[in-house]
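When the chains are written out, they are named A, B, C, D and E in that same order, and each has its own residue count from 1.
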Amino acid sequence: MIKIENVRKSFGELEVLKGINLDVEQGEVLSIIGGSGSGKSTLLYCINAIENIQGGKIFVDGIDVHNKATNKDQLRQKLGMVFQQWNSFPHLTVLENVALAPQIVKKMSKEEAIEIAQKELKHVGLGDKFDMYPTKMSGGQQQRLAIARALAMRPDYMLFDEVTSALDPELVGEVLDTLRILREEGMTMICVTHEIAFAREVSDQVAFFHKGVIEEMGPPEQVISNPQKETTQAFLSKVLS
Amino acid sequence: MDYEFHWNIVFQKMPELLQGAFVTLHVSVLSMVLGIAIAVFLAIAKMNNTKPFNYVAVGWIEIARNTPALFQIYMAYFGLGAFGIHLSPYMAVLSALVFINAGYLAETFRGGFQSIPDAQYNASKSLGMTSFQTYRYIILPQMFRRIYHPMTNQFVWSILMSSLGILVGMSELSGETQRLQSLSFRTLEFFIVTAVLYYIITKFVLICASLLSKRLFKGEI
Amino acid sequence: TAQADQLDEVIKRGTLNCGVVLDFPPMGYFDKDNKPAGFDVDYCNDLAAALGVKSNVLNLTWGDRIPSLVSGKTDVVIGSTSDTLERAKSVGFTYPYFVFKFQTISKKGTPINSFADLKNVKVGAALGTTYETEYLAYAEKMGWGKDNYTAFKSENDAYLGLYQGKVDAIISTNTNIATKLQTKEFADYVAGPYVPNYDDVVGLIAKRSEVAWINYLNLFLIHQIRDGNMNKHYNKHFGSDAPADLIQSLRDNK
Amino acid sequence: MGSLFTPLSWSDTGFILTGVWNTILISGLSIFVGSVLGVIVGFARAESNKYVNFLFGSVLDVLRSVPLIIQLVLFSTFMGVMGSPLPPFVAGTIILSLYTMAFMAEVFRGGFESVNNSMIIAGRSLGMTYWQTIRHVRFPIGLRSVFPAWLGVALSVIKDSALVSVIGYVELLRTSDQLISRTQQPLEILIGVGLFYFLISYPLSVYGRRIERKHAL
Amino acid sequence: MIKIENVRKSFGELEVLKGINLDVEQGEVLSIIGGSGSGKSTLLYCINAIENIQGGKIFVDGIDVHNKATNKDQLRQKLGMVFQQWNSFPHLTVLENVALAPQIVKKMSKEEAIEIAQKELKHVGLGDKFDMYPTKMSGGQQQRLAIARALAMRPDYMLFDEVTSALDPELVGEVLDTLRILREEGMTMICVTHEIAFAREVSDQVAFFHKGVIEEMGPPEQVISNPQKETTQAFLSKVLS
């Protein structure tokens, strides 16, 4: 379970997260929506300890993420993350991309790592692309590769940061389908997304971020279909127009 | 160490060193001006497919880029001398530098030209601009910004390479240094001061170039 | 015990590191096997023999002469070094071992009868040599300016320049000119007037502080004349006996 | 007396080959040492703060703002005067390597900085340690992208190595200079020398441009 | 009126337009939708004579666009065009971007050109950005600048080529709003777009392109809400999912 308690985060003068409280239970899917610059990505980065925080606490399975004593490299193995920009490693083949971290981080043998990599690539529908280089693939394929790469570390949680927003409209579907599969399998996920229809479909909870605070949070039927706050309504009407 | 520095002799000879520094600046400025003029033609000729011009341009560019500057200078001095064409040391160094600058700058110009996206041509055309207007108002101003920085680098390179004038007895900064040190045998002192002078000259040029670019170019690319 | 000086060191080492400028025929040059040869090279070998050590000839550029000494790379430089008082502030000179006269050389028919005629032709010389300095001083005194003067990086380049016709005349040493005139390349050339009132007196150079070593070198030079070695090498490289006035002036240490 | 002028003969081949070999030796060695130093300094510059960078930057700046020929004479004289004279080969290699480093450091720095930070973050998010991301992500990607620029600097070092002749290292250009003095045949010899450099440099530069174009796609 | 008669266009071997017929009446808005590579952009380029054609004819106000005798620079003044990629002139300020063409193409005085430029910039909501450089602006602002630049030439027709598809979702709205204003003012427009909802809202006609031919064409209620062809249905379901 991921527990976020009153988290504050600033970049210099700029306060980006102004006291965020969230719980994500095992097997739950949380979607985060909200305008540009509202702090959505920043929160994911804080959960993953890629950014530090200035106040509050984040617990992942009871471990205090930002405690000095916590081994962050180890912690991150629990948390798979996929980003908005495709960041596959261009110097490695698709298979090597996925097999690298299990080998060097988990110290698996090469054979073992490759086996896992093959399995996860098939999982996301890239079973026929093992020896390709990612630069030759479409954006949607690269995003699925990134998902497979994260899954190969056998994470307990997956964090998705607008994984479809840099894709051509036609490629969005294939990536969302992969997320749907993960949801079916019971993966615990936090998805930052602009795809409101998708968020409504798959989420247990939806959180609407506005200027560093959670303005509204609850099941999708409430937050998306029947928003209470004016800010939420304004945002949704802009995005859905 | 048992070496006593004698600086006073260097200061006595300062006017002669500065005279040499002036020649250095002189030859490198001139080599840039002429090099740019020729480079424009080479770049056009290389992009154009008219055969003889294209070959000349490609040949020039590749020879200039793939042989040492020192070789070019010897060639201009003694190589041409074998044909009875006698350049003074100044002219030999100048023509070698012009030859090389033209070769390198031609590639710079071509790259700058090709780096302007097609979209800029289409946008200009769609506004009804003629080809001439498109080049005059849209393409060339943008190209100039992109080649400005490589051009300053080439200028600095010319200053540094003009030091090879020492090898054909040209009395630029290095040549003067060589002459003065052999009169007094104060090699170290003279060369230290000369190194400092070169540093000052190149820094001065770079600072001027960047001040100028701030005035010339307001928007970024 | 007293500190070992340079002389002790050379003897102990068993090798004499002797610097020569091999760009200055016939004093120093490369023969057709690209091996060092010349009057100065012979002097190095004689000096090594006198010391009873092996001779190691190092090829120097003009500019290397001082640093090579100061750094101990060479023990002595036998390199036609003019013994100016300015230079003697930096380095220790022996007595003279040779005297050059400066002279012009030009193609036959070039109208040069006196040194003053150089005003009307293109003149060249090697950069940083004493005769360059002398010529430039003379030209300035006469108000000629520098326009018809060309400097060359080395003596060799100066001759190549003359040969190609870059200049009408160059100034060089009488000895060098004499040897060049015997080659078929320069058969068409003639030696011209001397630089007025100037003899280029050259010495061996060594570290300024090594007085005992310089003493030894001085005695060596006297013995070279006394034992006839000087004349022998002169004959080998210049094709004639050494002129009496040269011998005399060396004996007088002028 | 010995003859001063002798025409070029077959017996000079060995001498010329020594020059060729020496040119290859000193430029190869300097490119190697300069590249290794360049990677280290370039990485340090890409990773460190303003102040460290300013320090490194100024040193590199001096190396790039003083003509190589002056640096060579100055360094070799200086070492001599300081009492530890270096053979021309050693002095030449040191200066040429430092000079190479000054340019290579900027090339590599650019390469390392061009590695998108998002790839590093992706590596960290997979649980890689800092050094693992450097070793497996930043270095391979950064080094790969700079190959054309690296080649450009390397070729210019081969050409600049001709200058080591001024401190008495007998490389190709100095061999030919000596032969020119002896034979008075500058044109033939110079053309031969130019051809040698061209034949090394041209194919490599064409290759570099091809790679660059491929990268750009 | 723009009249397109049986237009064929090839790039080398590749036939991109295979006989297109279209009419756009004065004051009408035509939307073109269709998959990537179906030839939508190419058609706009042909109308504007930026690309030549291999068969058929295009008439703009009765002028045969691809006739040798036609002065194409003059013709293009009738046709404003805005492209998918932002292509503002980076070396000029926002105001200069707009004022340049009126000055050099229409030979207006500088004052006149600036006056028009200011007016059009206010028109698209950039009234406060005159002295900025376009590289400092968001994508949406750059696209509005491009629209103002085209409008300043007082064109009779506007051609839009997927002007929102390179924009962040939140910036799409501001550009579409600008198009809505133009429509209100009665501008004749051809819009290539992926924004199906927008196309439905503003178009008089919608044309669906597929592999270089018009598969289906008609009012939006028909083509978008009730497509007849299978290809159209497939495309719409992919884009709307």
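Assume a residue touches a chain if its C-beta (ideal position, glycine included) is under 8 Å from a C-beta of that chain, and two chains touch if they have at least 3 such contacts.
Note that the coordinates shown come from a computational prediction; the quantities given were computed from them, not determined experimentally.
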Shared chain contacts [chain A and chain B, defined touch]: D, E
Contact distance in steps, from chain C to chain E: 2
Two chains sharing the most C-beta contacts: B-D
Chain at maximum distance from chain A, centres defined as averaged CA atoms: C
Relative orientation of copies chain A and chain E, as a Cα rotation angle in degrees, nearest 5: 175
Separation of mean Cα positions, chain E and chain B [Å, integer]: 47
Centroid distance [mean C-alpha coordinates] between chain C and chain A, Å: 82
Distance between the centres, which are taken as Cα means, of chain D and chain B, whole angstrom: 20
Averaged-CA centre spacing for the pair chain D and chain C, given as whole angstrom: 37
Junction residues of chain B - those touching two or more other chains: 2-3, 78, 81-82, 166-167, 187-188
For chain D, residues contacting two or more additional chains: 73, 77, 81-83, 166, 180, 186
Chain A, residues touching no fewer than two other chains: none
Listing of all chain pairs that touch each other, if any do: A-D, A-E, B-C, B-D, B-E, C-D
Contact footprint of chain B on chain D as seen in their complex: 62, 65-71, 73-74, 77-78, 81-83, 155, 159-160, 162-163, 166, 173, 180, 186-187, 190-191, 193-194, 197-198, 201-202, 205
Sites on chain B touched by chain E in the complex: 117, 119-120, 122-123, 125-130, 133, 137-138, 141-142, 145, 217-221
Chain D contact footprint on chain A (complex, rising order): 45, 48, 50, 73-74, 76-77, 79-81, 83, 85, 87, 89-91, 100-101, 104-106, 146, 149-150, 153
Residue ranges of chain A in contact with chain E within the complex: 35-36, 165, 168-170, 172-173, 176, 194, 197, 238-239, 241
Touching residues on chain B, where the partner in the complex is chain C: 2-3, 6, 9, 78, 81-82, 84, 86, 88-89, 166-171, 175, 178-179, 181-188
